[in-house]
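Two complexes are shown next, each including subunit A; its partner changes from subunit B in the first to subunit C in the second.
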Partner chain A sequence: MSGPTVPTEAATQGRTAGSIGSLLDELGAALAPVRRTLSYLEIDTRLLGMVVALAIIWTGFDIISNGIFLSPRNLWNLSVQSASIAIMASGMVLIIVSRGIDLSVGSMLGFLGYTMAMIQAVWLPQALGLGFEQPYTWIVTILLGIALGTIIGGLQGFVVAYAGVPSFIVTLGGLLVWRGLIFRYAQGQTIAPLDQNFQMLGGGTVGTRVGALGEWASWILGAVICVGIVVTLITSRRRRRRYGFPVRPLWAEALLGLVGSGAVLGVVWVANSYPLPVNVANQYAQEHGIAVPPGGLFIPTGLAFPVVVMLLVTLVITFIASRRRFGRYVYAIGGNPDAAALAGINVRRTVMLTFALMGALAAISAAVQTARLNAAVTNLGVQNELDVISAAVIGGTSFAGGIGTIPGAILGAVVMQSLRSGMVLLLVDSPTQDIVVGVVLVAAVGLDTVFRRRSR
Partner chain B sequence: MPTPPMQVPPVSTQRVPIVELRNIHVSFGGVRAVDGVSIDLYPGEVVGLVGGNGAGKTTLMRTLSGARPPDSGQIWVNGQPVVIGNPRDAKALGIETIYQTLALADNLDAPANVFLGRELTATGTLDDAAMESATRKVVTRLNPNFKNFKMPVLRLSGGQRQAVAIARAIHFNARALIMDEPTAALGPAETAQVHTLIAQLKREGIGIFLVSHDIHDVSDLSDRISVMYHGKLVGTVKKEEVTTDEILGMIILGKPPTKLTAQELAELRSSGA
Partner chain C sequence: MAKRIAVLAAALMLIVSACGGTSTGGTAAGCTVGVSWNNYQEERWAKWDEPAIKAAIAAGGGKYVSNDAKSSAETQASNVDNLISQGAKVVIVLAQDGTAIKPSVAKAIQNGAAVISYDRLIEDPKALYITFDNVLVGKLEAQAVFKAKATGNYVVIKGNKADANADFLRGGMDQVIGDAVKSGAIKIVGETYTDNWDPSKAQTEMEQFLTANQNKVDAVLSENDGMAGGVVAALTAQGLAGKVPVSGQDGDKAALNRVALGTQTVDVWKDARALGKAAGDAAMQLCKNSDVSKVTGTAPFKTPGGNTVSSILLQPDPITKDNLKDVLSAGWITKADLCQGVKAGTVSDCN
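Let's look at the complex of A and B:
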């Protein structure tokens, strides 16, 4: 967004905030040259801070776990675990930015996952008599799920926007209602197994089929994204040039392009460094008549489908948020709802649509999670709302409204999952994990608030 | 694109008002905030709308800007009856408003605020470069020192924020402009700038409602002055036909000049207001 990404002024003119303040002043002075470079790059300093924090977390866990944390296997699993939270967090950003909240995402996810399981395992094959494992089953299931998610999300949004009930209350009700409905209409049974094509969405394996892109498709997707980054940089530079606006120095553009492309290719490289499990690889070799070399066959897994889905979804939402009128209105409503209304924006419709979008994203996440489990269970998505809201907030989304970015929320989701995953590796028990995550959440927002106040 | 100078219509007996409010009523609960008020505005004219706090000036103007449609009464624009149900309707009729609060989205930058609700797009996506270019032109005309086009308006000074709000109103070829306490939050230099701007817009043929609770604010700039008192219109007078004391009498006592007693006039004069 145009608003929050402006590099901050020198921190010296801020109000004092006790000893933390003077400490930050010194830190600010020491970082002055860095900040000058950053202002050339026009990068969001908060986003950069998160990348640094993530690097510290990863390095720390890697050292303590003797190199297990940064192994391709762990990173690949981390990417799959983060994906379903990041999908929903991108929608949560828009809701919180427009001064709302959605507490019902976990229950919506459970309800939608359950419904999608019923569609593919009961209604389509049995009730309609179409049979199991049809080639269209997975896509019909997902489209119906997304449609239903949009409707129930939009219903909540309608009550929020047109009846004026606070979103906290409406979605608190939703949290109870959607979860309750799961128990009502299937008596709490687990629904399994699911359609095999559908299962691919979860990133798991069925026989020799793997829910991932594989080596070459991953490289190609990575290359496409790199081209996209470069093209975006060039077109935005040309646009500004045409109007005679100041542009970044050429070295800064090149650096941005290199760092961006490098990060993308790095992710692909890690995904491709993770081989298929030995038994899957052996079976594959047998089916394709490949001789297994001593030490096992190395078949790269590539980017997991949940990650691919996450990339597509967040790309679309980022585009909507920053390049479409709808996104501009969401931020304007968050900054000043009265001003938005006086400018002729249809505030109610916009607010309702953010909730409808959230419902659709909950459906996509539900597909990923049920596919991964190969089952729909009654407690699917319990407490997901807390992870999703935490990811958005750690990613810099402000409850005061008007401020927050989708890339930030994705990073927030990765930070949250890294903490969880790292502690699991270190055999930290679950209550302690909760305590650590809780403290980190409050500390991150606290630090952010102090910085924000000083950058005024 | 900058506002092209409008043709000043020849002054004749058949001039049509740009805006005419007829018998407007607005109630909040049982309170009659605006009670049967009729006023009009001609091209190239400044009408000062004055009155004490709670006199109903802002509420009356909000019916014209679409923020609060009237409970009853008619609005005519260029000799045609119109319905203004929301801010969008008003803008479509060429009626722009600069609110006392400025009504800016603080988290967005100047171009986003100027074009809020009327964004320029290219192939369906926001054309930020085009909007910034247009904003630079119109804002620089108001305030040549304005530089921070990529900064959230929250971080701008009062005068710069005012410039953004005014730019939003004048960029879209307004025919009528409502300015609600435009200089209340400004220093002397910035106030002078706004006064120069009003004179300039007037020359371009734009009609301006200048709302203020302070008679000194509007007396220099207005051609006519309408005074409201407790939701009712006390009267509309030509500036050169009345004294400041008589207008004060209208504001404070709610009486037109003809009904003021000599004693009341003396008291107003001695109060030195």
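Let's look at the complex of A and C:
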């Protein structure tokens, strides 16, 4: 019986594989004009693929949740929930691009968050006797936190770069050490409440103060970014022309400027469509002697501070990665470390700096997370390293080194958080959530690898 | 090296007990009680449990010896043997791993020692199990919230899915709200496990539940204080903190402060010192008679593993705005920590 069936199966398999291949070829041919247009725009097709995937996820959740998912309120929440992972993901991109890994970010975040909570709730007010709620508390706390983050990140980087210990091992050690140190000096205690100015960083609410820009400041920030986009396009066009590089057609430049500005203003519009919660608005009205209209008071919330922080961080890191020498060194090292060293790049110093930068970003994320929770807890940031690495990898960063973009990683973080909070919205239990996120992670990277291989 | 120390210690014990003229059997005077800690570095054991155990043993005229397994199940197994060779007639074990420690416990019992499983269950029918009643903790959490809000939309924030306590607590809650859920008076609009009992995750969960229900959430059953902190942060963002009852347990300072501020309804407090005292007292009784079922206050307890063990289940104390003086007078928290940010005149125990 088995005799005749075997060749049939083989033939079927062969045909199936062949037809998938030809299907992909046909699809590719049909999309050729689109691809040509994209090549004019010089947009990464992978990035575009992620935007499409995100759009599908969002629409899907929105339909199943009867329009709750794409409500301004949920999108506002989503932006705040994604911010802390996105901030760290932009640093992780540089580390993975230069062929390293940092497994200690979650523990560093916990350690730094705890230290910052101690600074503002114990050391400054009690040990130094300066008292609670001083106007300078928040900034002192953050500066010390970032300094400490840079030092401990740099320390790990030093061991990786100068002692030659693999980053996987060094940061695995860090994961244990920083978490252990928290237990050592925290003794399992929760530090709360935190400074009220500091809490604003988390996008939270204290009385009627909300950790967001408000309506007009949000529009102004949006406008500034739009101007920035246009100026960047113009100057880069001029520079290219000066060096005799090919430039995009004028329509492509205009389209890029329009789409970019449109996206920014869209985000601001959504943030401003989310009004202050009824109870907060009513209290605000009471304090300011405003009469509440019958339909309720509509006070736009605007961009949340964690999102503003995230935007600033990603702008700075993107600038460093693409326009500064340090950034180009990182990509060169990732592409070929030996060639980079022979070309005279100080590989060790550059690698150490990527880890120091990661430490600083972990401190900023720690500030956002503790401020948001209004407490520092000993298990703050547990397993965040997995979320951060997943965000970077879903965003197209390659473990082979040399490939990865910061906007991709930010999108990756948003995709991950969309899945998580969307599933909570739909009352999916947490084991199932883990399974879905795990499958999506492997599928995203798998698809990416397959397409990249075909496009060669 | 460790063995030599153990032998030395045993020899020393012999000399000491010989000099003390200890009589064996019948009296507790001079009886040695050994405690095997799983991880003495955690603050709680050194700060609250150990002094209480020591005091109870000293009051009974016994001697206290201890060692620390530093979170290693293997080390703990040899530590229990060491305590026996040091002459301990009663061994109190805070198990690192309730299954891995079973052979050592069985050996100790064969050698005529009595064993107390402290705080964590060891599945040995001859060991005495002393702990706080976790099902009761869940019940007390739900009772306080149910008293504040007996109908409407409930959210249940549970702990780690791999931790049996998360289900014990949920079971206790169901004893209170189960009927109301069946009759439809209470509708559970959101219920989820929370990885690692992570407060940040609990905050995100609460935000999503509030969004999904347009803020129509009337009460929240959070299984512990850390997650209650995340829940209250999410409620604060919607201006709902203090308007929606929230539960918790552990006696965290931050949570007791929330109870005083009115943003958390109840904090079920398990006084570690009461647990330590109960174990010390039981140990002194076991010095006289090693039959664990004869210790006062024991009751049979059906374990998840199908064994029936003798147990002493302590009653936790639900702390609400009305009995904050309990934690103050017990010295668990200072008035400054408890009352930070509380408006004068709103809470009688803060005046």
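Just so it is clear, the second predicted complex is superposed on the first by the 430 of 456 C-alpha atoms of A that agree within 3 Å, B and C clash if a C-alpha of one lies under 4 Å from a C-alpha of the other, contacts with A are read in each partner's own complex, and residues count from 1 in each chain.
Following the convention adopted for this analysis, a residue touches a chain if its C-beta (ideal position, glycine included) is under 8 Å from a C-beta of that chain, and two chains touch if they have at least 3 such contacts.
The structure presented is a predicted model; accordingly, all values stated were derived computationally and were not measured.
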Joint occupancy of subunit A by subunit B and subunit C, clash or fit: fit
Touched partner set for A:R242, first subunit B, second subunit C, both or neither: first
Which superposed partner A:A339 touches (first subunit B, second subunit C, both, neither): first
Partner chain in contact with A:T205 - subunit B first, subunit C second, else both or neither: second
Which superposed partner A:L380 touches (first subunit B, second subunit C, both, neither): second
Comparing the two partners subunit B and subunit C, which touches a greater set of residues in subunit A: C
First (subunit B), second (subunit C), both or neither touched by A:G402: first
First (subunit B), second (subunit C), both or neither touched by A:R325: first
First, second, both or neither for A:P306, with subunit B first and subunit C second: neither
Touched partner set for A:R372, first subunit B, second subunit C, both or neither: second
Three-chain overlay, closest Cα atoms of subunit B and subunit C, distance in Å: 39
Those residues of subunit A which subunit B touches in one complex and subunit C touches in the other: none
Subunit A - residues contacting subunit B, complex: 2-4, 6, 239-240, 242-243, 245, 319, 322-325, 328, 331-332, 334-336, 338-345, 401-403, 456
Subunit C-facing residues of subunit A, complex: 65, 68, 71, 73-74, 77, 81, 183-184, 187-193, 203-206, 277-280, 282-283, 369, 372-375, 377, 379-380, 382-383, 420-421, 424-425, 427, 429-431, 434
Residues on subunit B engaged by subunit A in the complex (per definition of touch): 65-67, 86-88, 91, 97, 99, 101-109, 111-112, 116-119, 121, 124-126, 128-130, 132-133, 150-152, 154-155
Subunit A-touching residues of subunit C, taken from the complex the two chains share: 41-44, 47, 161, 190-200, 203-205, 207-209, 211-212, 215, 225-226, 229-230, 233, 236-240, 243, 252-255, 257, 340-341
